[in-house]
Amino acid sequence: MTIPYLKMDGIAKSFPGVQALKNVTFEASQGEILALVGANGAGKSTLMNVLGGNIEPNSGKIYINGKEVRISSPSDAAANGIAFVHQEMAMLPTMSIADTMYISSFPYKHGLIDYKTIYQRCRVVLKRLGCNFDPRERIRNISPGDQQMVEIGRALLHDPQIIIFDEPTSSLTSREKEHLFEVIRTLKQEGSVIIYISHFLDEVFSLCDRVMVLRNGETAGGGLVSEYTNRDIVKMMIGEKEIDTYYERSEHRAGEEIMRVKGIYRSGVINDISFSLRKGEVVGLWGQLGSGRTEVARALVGLDPIDGGTISIKMGDQMMPVKQSETKKYIGMITENRREEGLLLPMSVCNNMSLANLTNLTKKKPFSSVIDSKLENSETDKYVKRMDIKISSQAQRVETLSGGNQQKVIIGRWLQKNPPIYIMDEPTRGLDVGAKADIRRIISDLAEQGAGILVISSEIEEIMSVSDRYLVMKRGSIVAEFGSNASKEDLVATATGAASKKE
Amino acid sequence: MTKKQHNFSLRDFLFTYGFLLVLLLVIVYFSVTAPSFFSMNAAMSILHTAAPLLIIASGLAFVIMTKRIDISVGSIAYLSAAIGALMISRMGLPIPLAVVSMLVLSCLMGVLNGFFVVILNVNPMIATFGTQLAFRGIGLLLTNSMVVSLPRSIRFLGNKKVGPIYIDILFSLFILLIMMLIHSRTQFGRQVVAIGNDISIAEKLGIKEKRISFFAYVVCGLMAGIGAIIMSLQVGSVTPTSGTSYEFTAIAMLVIGGVSLYGGEGTILPGVLIGGITLAVIETGLNYIGASVYVYSFVRGGVIFVSMFADSLKTQVKPKVKIMEDEPTTVSNAQ
Amino acid sequence: GEEKTVKVCVSWNEKVHSLIQAWQDYMEMYAKELEPTTGIKYEWIVNVANGDANLQNNNIQDCINQKVDYIVARAQDSGTIGASIKAAEEAGIPFITFDRASTSGDPTAHVGEDGYLQARSTAEAFAKLLKDNGIEGKCIELQGDLLDNTAVLRHKAWAEVEKELGAWTTVAEVPTEWKPEKFYQGALNALQANPDANCMYVASDFAFSSVENALSAVDKDAPTGDPKHIWIAADDINPMGYEAMVNGIIDVGTTWEAYSVSVLLVDTLNKMVNGEPYEKVNLISGRLATPENVQTLEYLYSTDPKYAD
Amino acid sequence: MSILNSGVTQQLSKKDSKEAADIYWTRYLPYIVLVVVFAAVSIFVPYFLTISNLLSVLLQTASLAILAIGQAAVLILGGIDLSMPGVMALGSIFGAMYMRAGGNPVLGAVIMLLVPAALGLINGISVSYFGMIPFVVTLAMQAITIGAATMITNQISIPVPENFCNAMLTKIGGIPLPIIIVLILTLFLQFAVTKTYYGRWLYSTGTNMRTSRVSGVPTKKVVLAAYSFAGLMGGLAAIIMTSRLYAASPQMGKDAVAMDIIASAAVGGVSTMGGVGTAVNAVIGAIIITLISNVMNMANVSYYLTLVIKGIIIITFVAIDANSRKKSTK
């Protein structure tokens, strides 16, 4: 075997309290796509950040083409032909596409930035990604999917030899995704080293040549993708015991109607949304990325305005129309962006988990606005245990938790409040298989206990493994409804419009 | 999802430069109430009045675009002007040397601000409030609270004209032009805007955030120094109150001109220029119609309030989300 | 007589004017001069209130707590200094208002100048000057900061003399808040808005270079005798005003007597210390200055090299 | 001890607190410095350590402390209120005018309280419902209120009846009423902010408004309440200041006072970035700021140096605080 083009040797990195990487060795060759997989917090991003110059490792060496290189800044990385498509998009909303792509280093002409050249180059690069937008357009005016393309375009600007993709598909539509895969395959043919991080094993199987698995900051195995099955990889990622829960499918008994939505709309965004939700059932809201599911969810809890329509909720034994601003009292909402809208990052686990329920954690009468901290602690403890959240103490700041545990903290917050209805928008986005399974189990339990749950997910397997009923959205409208016997094909076909005439 | 052209949107334009309209209305109002207002002379004196503050505001704009603030600009202007004047009239140094030392000093004061804010992580508002006190204290100490007058031989520069135009107008427009180019056509300017968008994203993109932000304070200090030159030439002297409350006037100019205090937003030309002129038009106009002194602050507050209200509408009216999907289907919305 | 040490607290409202330093220095100087003869040794405790009436009240309270023997205060706000006067009275400390009289309380004594008489003397002389030269005045009035009682009094005197003698009409009232740049911009705008204006009242000449610059911007910066000359009355004869008067730009003004007022204060204090009778209100009226006599006036702080450059 | 801490970092576990120990002492630096300066000054400056001077310092601090408490509420939300001086002056003037016209002093005091509270409410509405930037809204409000104050009074202070002032300045057990008011207010707020869910809502909104909103915290009302509360504190300070000056003066509204208020809160340890700080912090800060000028007065320091020293002290305090906090969140 020839020497690999890229070699990272004995990389170790610790953060205060965590050993994120322990002596990891990593190799990749030109003309291959290497999948890097692992559970949340396994150290994938950290390893790649070391390569990208964003993080200084505690020890270890990097060789490119057999020569040792020092990479201590993103510009060192760029100079060595390394490009990085980050997990979290680094967009500058008020700036133009061209500025966002060139921001770290602009070409000059006559002492000023040479925009003519920049625009030309941007057009070429974006064209290659199948995008046609004007490089002068501001970032905030383009969709998240397009922003992801800009992010990728930036990585390709300087014809890199090594390209790192850290979960690039989470905000792409399936067509955009396919296009991206084609581009990646072309890059591979041109002889680049491609490192591809993803939680979607199907992507790994359809795109990648080789796989490397990280677990707890250590190499857990790897080799040619064709030699492994899905289960093998999962086993390497999370260890033996937990795989069983992975493809669980549960059925619930639906009870009486608990929420009825009638004709809510917001012009240009969602149209005439009507449906009802029953006790003890999980309704999957399915649709393509950008079909308006999030908008519906946000409208239901008054986070976005609506132009008309009514929302009724069961109170006592009657359905009562509820003002949009009041629905929050009955609905537990889990938004799709947990860092921005789900957590109080610098605050403690305890403070985060009691946030929605504070008015119920008070002392008796004359002190009815004083929080009973014993009660608060015991309630928190109860749900930490019930959901098996891994924390060192209730006072731990949530920003130091892993993504899966963070998500559980948010769910725990609502369990504590115990509303009759839940809306969960992408509750497992960015989580590893183990955490995903945990959260599905929680959803199932909730339904069993009689809650009505509306779940939005972009993963068809996931939504099919939890839902009892499906609503399919397209272009801001609900276009179809299916029972639990719906097939994958039904859902995909109605959502994409290929079979939109079918009722 | 394809866009053919960089499309011009009237709404965007109105929101960004809507103050042009207000400006026009104000001008029309004053012209009707005080006929002499609508004249070349008045226009010139408006620009002339605005000139020093325009320069100071353009420097401050860089700091504000990084989402920080500098409320010491008035004191920087005072201290550097006072030292410059002392050098010329007390120590008899040659004028060019005094001017250069003045500018170096104003940069140093910017360095100090940058050090406190960027290196020591002191909240910008508090840090520059501290330096605001300290710089003025030092200036008063050095001048012993005296009015330091400039020699007559250079005072004439304060209202020298080329044709009908004061040279300081030309000078400040020239400075604004340079600042505009720095803002929109240099890496420094672009990175300042990027930092204002989000510091941690900027860092992740490989921008040397601390270096750039620090430098923004230096630029701000330098501009306060340059503005101070024009200011003291116009007045012919440096008095202990020179530059007081300049920071708030400059901030008002920026806010009216569309430079957002949330960072990352705004232009030097036409933004800062329009903001500065609007404010100057109002003050000069009130002068022309002989309004009571007590009205000034009231009107100024009102104008800031209204322009901010317009700005808040801009952020409230979110662009309607475009529904976009994969397959363009010919089937009309099936219901 | 025998040596006696007296602690005097001087509370300045602000210190952004060299006049205040001059006052302070003259007091100390003069008291020192007298020390051998009177045997009274003064210890001066000085504080400055940053232009903040509440802070001045606090500062004076600090003096009271230090058990000073006398308090001298130049009020930031004539309407609130009464609170400090009352506090001093309760502590049994004599209180002298300096320069700005109180409208809110009754001090032990007041020492100062008469801002009204000062402006009146200027205005009357100015009216005579205009009449003598056969000029029908169209005047621009550059007012001070109307927060300051002195500025209010000057405005009042100017307006009254205008009514009484009819030597001019005021065509523009320009507020300056005592800010040099407002003097400049206000004067410039007023001159442009009223091209036929031929005279001007400048409430204080401390930043007269601003006015001169505005004049030269409209090409009217010319001394008496020049047809372009604008007749100017300006009070105080501060260093810049002095220069302008010597140059014939300012035609008439009344001096602000830093030295005499300080002397008067120390004399009053001495009387109090010795238990001699003293006047309750001690006012100095300034001397009328014109280009002819200004260089012969004695004890002008403007010509003291310590306060002028 | 936990009542002294901000609402954010609560009950540290043993492990956490050990880790944080080296960082934590710097948090208390303001208090330590306060004690050291206090001791030094008492030794070197005669009359400093007398009951009457100390009470006098506290009385001088009272209005600033109340203003700083109001400011702290807004700062904790990540906002700022530059309009406190103007709002206070206008409230004082309206109350005094009412009393001058023969109105009842009690009602006059109520007017002094409510006018600023109403103006604070306008700030709050602009910030929460119109999404306007606090800095600019309150800057405009300051310009408008100070303009209105001068227009109404023609810059001439309005005296208030002596019985009004005397009532406010009565001594209870030798301690002037304003000091007692501050003490009670501080204890009450400290309790409210650390122990009730209203306090928790304040911190959570200041830490992350969007999360709080999704979690059912009435964030708009919280913002509204904080700005109104700041206004109300402006009103309380107006009453105290007016009775100490025996007059309502438009001069109370000077722009520069706003920065003193903010500096007080910041020096005491209220973060200007939101989410951190309590009433006690604000009061300590106000005492420090007042002590600076008291000590300089007693020590007869030149005015110019006073400015420089004050600037340096403010920056130093906030720098230490900012850096200890940064370390502890790493």
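All chains are identified by letter, namely A, B, C and D, in their written order; residue positions are counted from 1 within each chain.
The rule we apply is simple: a residue touches a chain if its C-beta (ideal position, glycine included) is under 8 Å from a C-beta of that chain, and two chains touch if they have at least 3 such contacts.
Owing to the predicted nature of the structure, the values given are computational and were not obtained by experimental measurement.
Any chain bridging chain C and chain D, meaning touching each of them, is among B; the list is complete.
In this assembly, A is the chain whose CA centroid lies farthest from the centroid of chain C.
One finds 30 Å separating the Cα centroids of chain B and chain D.
The distance from the centre of chain B to the centre of chain C, each centre being the mean of the chain's C-alpha atoms, comes to 35 Å.
For the pair chain A and chain B, the distance between C-alpha centroids works out to 42 Å. We define each chain's centre as the mean of its Cα atoms; on that basis chain A and chain C are separated by 72 Å. Residue positions of chain D with contacts to 2 or more other chains are 150, 154-155, 303-304, 306. In chain B, 140, 292, 294, 296 are the positions where the chain touches two or more neighbouring chains simultaneously.
Within chain C, the positions touching two or more other chains are listed as 15, 146.
Counting only pairs that meet the touch rule, the chains in contact are A-B, A-D, B-C, B-D, C-D. Taken in their complex, chain A has these residues touching chain B: 53-54, 73-75, 78, 86, 90-95, 99, 103-106, 108, 112-113, 115, 131-134, 136-137, 140-141, 143, 145-146, 173-175, 267-269, 271-272, 288, 290-292, 295, 474-477, 479, 496-498, 500-501. Residues of chain B touching chain A in their complex: 1-6, 181, 185-187, 190-191, 193-194, 196-198, 201-202, 204-207, 264-265, 319-327, 329, 331, 333-335. Note for the complex: chain D touches chain C at residues 46-47, 50, 52-53, 56, 59-60, 63, 150, 154-159, 241, 244-247, 249-252, 254, 256-257, 290, 293-294, 297-298, 300, 303-304, 306.
By the touch criterion stated above, chain A contacts chain D in their complex at residues 16, 301, 303, 328-329, 333, 335, 340-348, 350-351, 354-356, 358-359, 361-362, 369-371, 392-397, 413, 417. On the chain C side of its complex with chain D, the touching residues are 12, 15, 45-48, 50-55, 57-59, 61-67, 76-80, 82-83, 86, 103-105, 146-147, 152.
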